[in-house]
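One chain, chain A, appears in both complexes that follow, with chain B as partner in the first and chain C in the second.
Let's look at the complex of A and B:
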């Protein structure tokens, strides 16, 4: 990864920003020690997908949109299913919802374990990356790989494959996994749950820069349990609305410096908003299992977490929740459920959302009476977080202007990684330029 | 346990990123005894995939500035020096590959989990656009890349010890 800097220059141009999913660009301008401009530039394929979906059958979005991102395909599949089933006026059974939740746990595990151990922890422990960290802390990295592998295996067990699950369809699944195979997987999850609890303790011991985000938090909240595969939208200012009202509250808009859409909430009058682990945790702390909540408390997290650097602790807590939830679903599984419900097409508009590892992922589809897609809209979490990433950097860089370029680069990368931006959903390159004027 | 493993790395849906799976597919069609062939998108999965294999061939797209379709071959493994990350980290730009092939190989080296012989066959890519097929020069390179892999495997499949 090319992220070395030429120290001391006025303008810095850096290759691919390391350890961020996908690639993008960041530009920072400093004048007399003041930050005059911060721009996150993203070049965005999801727009291509929206166009690509028009004219396709309503049965195709789970497979097509899963390919937008190799890290969160299940999020795309589940949001697509939720939206199309909504358009067709169909509800799935509790068993199907639970099996989606189990599959989704696998994705959270895979994504969070990758981010916590291989992408984010090196920032806190002072390493350039996971390779250098692995030399000094092999058991920690091995633990992370073991935890990630449990997620891959769970996705293969339920989804048929670990990268782009092939078992998901509108209305449910092509087939349900064998109950015996689910039960046989318990020991792997139990070991991983132990690993996750140790991980919460480990990351709680890191040093965290002081920072409190003033932004509005937005997450799903479900009738019960921690929000994963569905829910209505709630915000930290007390707003609450159904997923079908998402387009009335969340407005996407173009900014000159990026061809990805940014997003604002209720006209942007309350400033940028944040989706993802911090928002999810803060708005659903009471919905964590007692085990995860106790682990969070022991790690020094209150019911509200507004320090983006502590997102690594929240991800570790969510790993505990995901393994625990997977075990709970497997233990309660009776194996008698039909794998899918019938979804006859009808003309209409449908809305769906779920909690991708990085935050709320919204889909909207308009179908004609034969089930052909006439319009499609996808709002990925990283697009929604762009404004708050820029706002964080504006705040943080003010305090870092005395740093040399190399140190500044690392701090900025660290701050961007707090969001685990999945820029492969939205971009080609992430270069960082700093213009000191 | 099979003697050799061939991994086609890349996303089949992202233009030339599909060249690894395409070559793996061509190798699998030979049905060579003692050779396991898999396709995968996630470079970190390599650490688990190659457990118990002494000879591993990974085929991936690469961008180093050479003309599209150019084939690169790199011998590495437990005793070899580190991979030149600058060129190889650019592979798989279309996928999940912020943690790229070079990073996965070097992570495995740090954890003492590299196979004794690892051969990487790279095909210079032209583009990683969504939902696009292989570009012409890269599609044309698939038989040549396949031949390279088969040559590496010769010692195994002919029963001659290396």
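Let's look at the complex of A and C:
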């Protein structure tokens, strides 16, 4: 089940890519120093959500689809609400939209702090994991845990608990949090915001391999603000379309080596595409708060970031944005809003998307007149990124062929972790094989 | 909770007494939420790492210490031929096996396949169903190997997880109540959502552990900790009907995250429309 070398070094077989969420494997073939094949193999067992959603009530997807992922349940809850409210022709109040955004800030914080400090930083600082890193860098790990805890506390305050929150329903919330409790949480967020600014400085000082991704970037863009809980779709080639047109532009297809469907943008003629922090940042740099934008600039990030290794800086900048945005929402909260609006069922099709920590998460539902789900489609971010992860490795491994298998494996893992792949959403357990022919 | 988990300052005495117990965390079909609960112990994680040797936990570290392991936490249900083999290896390498969460303990949400035709499920999601290797049923860990303790919840509760780990370190039985959510609700001083507002609630038949979260947020319990030790599901089902739920809704409310647990499975079958072939659900072993 663990790391084992086989075939005298020609074929490397390593079980378990660590510090990702899910089960998968990587297979690389080299012939005369050229990469002839790269496959991200996703073994995460299929759980058939789209199948068993059929026949369920339109009120159930926020609770059911949250269970697709313990790390980003709010993303599933919010995309589901957006899609079903669209199908039923209902818009929620600004207050409900803001409260969803506040809950979602908590999830970005929890997920990004987990990835920056516990999963990704050990690659840059040369440790197997954060617990080992804590021996030499206790203040860094303590800061990361403090920042992460603030995200979990915010989710608990708004959602009832941080993993699979119970307070989200179609149309809004079961109960709005107490205004006094929100205000009382300010000091924790202020401290965490300070921590986040120091984190941007810290990670900006890491060593980054040179790499420029040529791929198309895809993200949401909202009427105002950095895209989190809603928006329309934009791409770095200048395409723009409404969420309801997502299925016309994004086509899912199956490959034999993965239990997660791959995806193409506009027929794949422009190559693979990328969703997630780099795409979101590059397509919405102007929408960051001045504080986050200044922090990015001081960290050496321009308006565009195309080096996937630098995604750790972008995540740190997004942490600044998320704490800042959470404080802004709390400061403007009057506490007078109704917790939900009524959503009567009707027959129809609805589309919803939001920016999960790892990128655009799309949901589509077809309902009958009583609100029973007749069809469901869910396109998670990691599925969409599989092709670009494979393309990154194809590029990188060409320059790394002189490395021994251990070093090569570590570098490949690092490159995969740039995407913070959530394999439970799409794939956990990356098993690396290198065939040198 | 930190009081029950020895802090690093105290681990000198532990080290003198014996080596640190080896802890492993394994994943089967699941969402990762229950093992994430361990990483969400922000205040306890570093002290815990001083008290136990985190020997296998791929979500957190690349480092792997060879087995055997003193305590294995197992997340997820068994849904593929590979998992059938792997759980046997985990059991053979572990002195104690503790399941964490609804998937490992009752088969999880993915046990909804147990009520359907998996070939059809596969063809709904995948264009090439022949590439997909899966079992027709999702089953709990206890259906395949001996389990030493089952921790409930979708997801598990952090305090309960720390209590189970503390009990392991101290060689005692964990103090995890098996009574209903109603007891927690009363302790919190909640007004009963069913009695006061007619909101359908599974609290009376569901095991405590969440802190009566849903009723605290003006919502009925939806049973994510599974059945309590003496659940009168027939009685609660009649209350659900009185409070406006249709028979299909009653079936669905028992068929979520613990659909294959015995008490919820039987009750859901009682509310299905009769078919020529009899009930569609299968019993858990």
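Rule of thumb we're sticking to: the second predicted complex is superposed on the first by the 422 of 437 C-alpha atoms of A that agree within 3 Å, B and C clash if a C-alpha of one lies under 4 Å from a C-alpha of the other, contacts with A are read in each partner's own complex, and residues count from 1 in each chain.
Definition applied: contacts are C-beta pairs under 8 Å (C-beta built on N, C-alpha and C of every residue); 3 or more make two chains touch, one makes a residue touch a chain.
These numbers come from a predicted model, not from an experiment.
Asks: Identify whether chain B and chain C fit side by side or clash on chain A in the overlaid structures.
Replies: After superposition on chain A, chain B vs chain C: clash.
Asks: Which holds for A:174: it touches chain B only (first), chain C only (second), both, or neither?
Replies: It touches chain C, and chain B stays clear.
Asks: So, does A:298 touch the first partner chain B, the second partner chain C, both, or neither?
Replies: Neither partner.
Asks: Does chain B (first) or chain C (second) touch A:240, or do both, or does neither?
Replies: neither
Asks: Now for A:114: first (chain B), second (chain C), both, or neither, which partner does it touch?
Replies: Touch partners of A:114: chain B and chain C.
Asks: What is the contact status of A:70 with respect to chain B (first) and chain C (second): first, second, both, or neither?
Replies: both
Asks: Identify the partner contact of A:160: answer first if only chain B is touched, second if only chain C is, both if each is, neither if none is.
Replies: second
Asks: Could you look at A:50 and tell me whether it touches chain B, chain C, both or neither (first, second, both, neither)?
Replies: second
Asks: Look at A:129 in the shared chain and tell me whether it touches chain B only, chain C only, both, or neither; answer first, second, both or neither.
Replies: In the superposition, A:129 touches chain B and chain C alike.
Asks: Chain B clashes with which stretch of chain C: 7-15, 223-231 or 241-249?
Replies: 7-15
Asks: Which positions of chain A sit in both the chain B and the chain C interface?
Replies: After superposing on chain A, chain A residues 1-2, 16, 18-23, 45, 48, 52, 67-71, 114, 118, 129-132, 134, 138, 141-142, 145, 148-149, 152, 162-164, 424, 428 contact both chain B and chain C.
Asks: Which of the residues in chain B end up touching chain A in this complex?
Replies: It is residues 11, 13, 40-42, 44-45, 47-48, 85-86, 89-90, 93-100, 103, 106-107, 109-111, 130-131 of chain B that touch chain A.
Asks: Give every residue of chain C touching chain A within the complex, in rising order.
Replies: Going by the criterion above, the answer is residues 27-37, 39-40, 42-43, 45-46, 49, 54, 57-64, 66, 79-80, 82-83, 86, 89, 108-110, 112-113, 116, 118, 120-122, 124-128, 131-132, 134, 154-155, 210, 213-214, 216-219, 222, 224, 249, 252, 256-257.
Asks: For the complex, which residues does chain A have touching chain B?
Replies: Residues 1-2, 16, 18-23, 45, 48-49, 52, 67-71, 114, 118-119, 129-132, 134-135, 138, 141-142, 145, 148-149, 152, 162-164, 424, 428 of chain A touch chain B in their complex.
Asks: Please output the residues of chain A touching chain C within their complex, sorted ascending.
Replies: Residue positions touching the partner: 1-3, 16-23, 43-48, 50-52, 54, 56-57, 60, 63-64, 67-71, 73, 110, 114, 118, 122, 128-132, 134, 138, 141-142, 145-146, 148-149, 152, 160-164, 166-167, 169, 174-175, 253-254, 256, 259, 261, 413, 422, 424, 428-429.
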